[in-house]
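One structure is given below, represented as structure tokens, and several questions about it will come after.
Labels run A, B, C and D following the written order; every chain starts at residue 1.
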Amino acid sequence: MVGVANVSRIEQQSTVHGTEELVINMGPQHPSTHGVLRVILKLDGETVNDLDCDIGYLHRGTEKIGENITYTMFIPYTDRLDYIAAPSNNLAWVTAVEKFFDWEIPMRAQYIRSMVGELSRIASHLLWLATHALDIGAMTVFLWCFREREMVLDLFETAFGGRLTVNAFRLGGLHEDVPDKFLQLTQEFIDIFPSRIDDYETLLTNNRIWLQRTRDVGIISAEDAMDLGLTGPIIRGSGVSWDLRRAKPYAAYPYLDFVVPVGENGDIYDRYLVRIEELRQSTRIIQQCLEQLPGGPVTCKTPRTIKPPEGEIYHSIENPKGEFGFYIVSDGTTTPYRVRIRPPSFINLGGLKKLCVGQLVADVVAIIGSIDIVLGECDR
Amino acid sequence: MELYFFYMFSGGMIITSLLMITRANVIHAALLLVLTFFFLAGIFVLAGAEFLAAVQILLYAGGIMVLYLFSIMLMNVEVAVRMRQWHRQGVVVFVAAVLLGLEIWAVLKGVEFPAAKQWEWSLGATPGNVEALGAVLYTKFLFPFEVASILLLAAMIGAIVLAKRTIER
Amino acid sequence: MDMALEIAVAAIKIFIVLNVVQLVVAYTIYVERKVIAHAQMRLGPMRVGWHGLLQPIADGLKLFLKEDIIPDKADRIVFVLAPVMVLVPAFVVYAVLPFSATFYITQINIGLFFILAISSLGVFGIVMAGWASNSKYSLLGALRSAAQMLSYEIFLGFSVIGPLMLAGSMNLQEIVHAQSDVWFVFYQPIAFIVFFIAAMAETNRAPFDLPEAETELVAGFHTEYSGMKFAFFFLAEYANMFVVSTVGIVLFFGGWEGPDFIPLPGFVWYVLKLSVFMFVFIWLRATLPRYRYDQLMRVGWKFMFPLVMLNIFLTGFLKYLFL
Amino acid sequence: MPDEVVENSEETNGAPDSGETAEEVKTPPGEDLKEVVESAFPGAVLEQSAYEDHEDETTFVLGVDSLVAVATHLRDHGDSLFKLLTDLTAAHYPEAENPFEMLYHLYSIEHNRRLRLKVRIKEGQAVPTVSGIWTSADWMEREVYDLFGIEFEDHPDLRRILLPDNWGSHPMRKDYPLEGRGERIYTKPTRKEIGD
């Protein structure tokens, strides 16, 4: 029912003399719209003339829920936003609320937060690579990526008990210290993962068909990317060296050394290379975290009820998909007055039309894949 | 035995052609035409021209008719069905029919076409012999063959030019 | 009386070939699933029978028993005819395929041409299916496949001309005999490359599986098909794989003939070569991404077409010089 | 625990870390940005605030009329260059005189700074669209229209985005009932509306 008027709007415009444009409905049950995204394409042959996104199938009113429960209770709800990289969302919420206070978060907690954040980045990018490659027809990469993603999810299970929605962090630190087994298994994972990335690259990076499908397709310039509000690997693929981990460091990132990979042309291939390099950098960061991990407590002293002072803050972190932020208005009570989620997927998806018009149907699939959206976060 | 097959093929041809010109649905008509081509190919086989039969299927059925279908499919068939089936082209049809009738009558009457008599047809002797066909095409009928080729080439280039112009518009 | 006997023998041969082919096709699907599964670090079918060996039969049964859905707005006659139109040409071609020196249904002088002609009809079924489903995805799939198969048929047809010129016959048996010394693949490498690519495109296999690109067009022309009709499309695809592989073996790899120093029956050689071909088909599917529609056309017309023309010219020229 | 921050090498440099030095202590955050605005539009900044003097929380309250002009100026001026509209949202304060607050979170990659613009409006009052300045505002304004019912003047395509097209109300308003049927009216669209 949602957006029925959208179709008729497009169809009304399409009555031209003689030839007619083909309106096709991609999704919400289409293999490559990554969830319940519905894209209404207006085609001339196979060229996309116009495009309209219909979202909201997964709208659960998360912001409204956030305004009616306490700050701590909202943490598991953030898991359900970008459910591909749940700990990252937890991190954003936790650090956002902590901005109200001047708590001294123990370094051990900060390092573990960074480490788990990077693990979730790996999990997210692996799922992206898997589905993106599958969209373009490379089937094998899909299962190879899932093999490693499974290992990351096992790590989450070891540390927090959950696999997909982990509820990893608490205000002021962690719920409890991670078991030693987690650190040991993470080290094992880090040791084999780089060679696995090489495996994916063997299949794709220099593959002529892959190059033909991704190079010079879906190009977005740096200026346009900023204009469209694109963040994360997309804007880095367009050549803007901007990463919130570097620009506005949080958790343990000020003490970690990593490279922000940057593309040149801003096409799908550059976004692919940027994300692959981010996988490698994440591995590096986790390795540093493991080496530098200090001892000590994992949580600071926090009041029994969390009552931030009156005021408003905006805090965002670098999620795998882009800038993921929270705008919180506190009225001095235990529940936030206003919670706004800044969803990277939603805003990146807004640029889809600009990226797709004039391309072919097959490219639309590739471009949606290269934007890397997750509808849980897009619809909230 | 061959006679039975001949009646089968020719009867099938007549029925499918009649069906073809009476169908309102263009797609059905096109598919019936394909069937007609099949029966025609069968008759070629009976006549010992296996190569011609294969060409008939490969080019007409497999190639040209697919292109026809291709373009018909993009039309709105449901609208076409409801359209008038008579297009005031009766005069043209009448003239063509009279000419065809005259030709058939002439053939049946045994009017001799002198040019056809001059060549010793030996294709039937070696059924499906590609070499024989090639030899005929490149010796006796070289000139008509080349003329036809050039005509087709010109038509192809013309089609490309026309198509390009409409795209640039 | 003679005629009746002839017909009876032919009928028995057809019966054998048809059933064997169907069974082999079913097990090719099994092999494909297994090979791709192992390429992707998983096991593939394991439950039905030892290592899933009975899986194809279970699949077949399932497809038989499934509800047969005809969409409300579909053109019923064409919709029902389409899968038949795909499957029949795929199997008719087996009439002239030589499986060994003695085992074949029939042999005709224009064998190769017959194969090309009949296999060119498969596209009808696809176009009909796409149109009759009355679905936009199906129509797009049908359009893609019509364009793809038409153009690649041309390259396929031209690529066989090279070996044909060397053999001097269209009879498949004679083509095999002509290669008893050297396989034509060594004389005709360009023709073989073009043939192989065109064959993959003709069978709609990855990386040319655009008409049924599941991530773009859901399932292309057979989106609306279910049950046995869907199985027909599936069977036809694999039957066509066999046909093009066999043609490739006959034209370029000396058919059923193997080196003299290894005494193996002709049929075994044929099966061995066929397995290699099929494995390559499956292997490519597990490895390569999918081409885009316009790129496919560009590869065809700008790369393969000149190449195959050059090959014909070279072959004629060299044959004139040396033979 | 490591004592020193790892040096940013050249290629890894995300953006120059401006600010956060000693001079920050002297003036309240955002004073320089205020000057940028005031130099072109005197009196445009109605209020200035920042949560506990966090530089990133600099907030300017603007008038509805001057919003587009100031925003364009802030995007283009060399000392601000807020080319990225990070977020656009609204908040509802039913008791206030101007119950709706439009919020624009700007970010400048060049200067690595954030700025929050606020516009306070009355019930039913329309806001000029900023989608002409930042294209990204297109969808975010649609979302605000959807969830708060705030209209945007000259918006290219003002439709609901998350909720069904014929959803009866705007759920992010504070007076939206949390339980019961309330005003959550959803009427099934007629065949005519679907365009069937």
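Things to note:
Rule of thumb we're sticking to: a contact is a pair of C-beta atoms (placed from the backbone, for glycine too) under 8 Å apart; a residue touches a chain by one contact, two chains touch by 3 or more.
Predicted, not measured: the structure shown is a model, and the values here were computed from it.
Hopping across touching chains, the smallest step count from subunit B to subunit D is 3. Counting C-beta pairs in contact, the chain pair with the highest total is A-D. With centres set at the average Cα position, the gap from subunit C to subunit D is 60 Å. Between the CA-based centres of subunit A and subunit D the separation comes to 22 Å, rounded to the whole angstrom. Per-chain CA centroids place subunit A at a distance of 43 Å from subunit C. Between subunit B and subunit C, the centres computed from C-alpha atoms are 28 Å apart.
For subunit C in complex with subunit B, the residues that touch the partner chain are 3, 75, 77-78, 81, 108-110, 113-114, 116-118, 120-121, 123-124, 127-128, 130-131, 139, 142-143, 146-147, 149-150, 153, 157, 168, 170. Considering their complex, residues 1-2, 5-6, 8-9, 11-15, 51-52, 54, 56-57, 59, 83-87, 89, 91-92, 103, 105, 109, 112, 114, 116, 134-136, 138-140, 143, 147, 159-165, 171-172, 176, 178, 188-189, 193-195 of subunit D touch subunit A. Looking at the complex, you find that subunit A touches subunit C at residues 22-25, 30-32, 46, 133-140, 142-144, 147, 203-204, 207, 209-210, 212-213, 360-363, 365.
Those residues of subunit A that touch subunit D in the complex are listed here as 1-8, 11-12, 55-56, 59, 61, 63-64, 68, 99-100, 107, 223, 226-231, 240-248, 254-260, 262, 292, 294, 311-316, 323, 325, 327, 329, 337-338, 340, 342, 346-347, 349-351, 354, 379-380.
Residues of subunit C that touch subunit A in their complex: 36, 39-42, 136-137, 140, 144, 206-207, 209-210, 213-218, 285-295.
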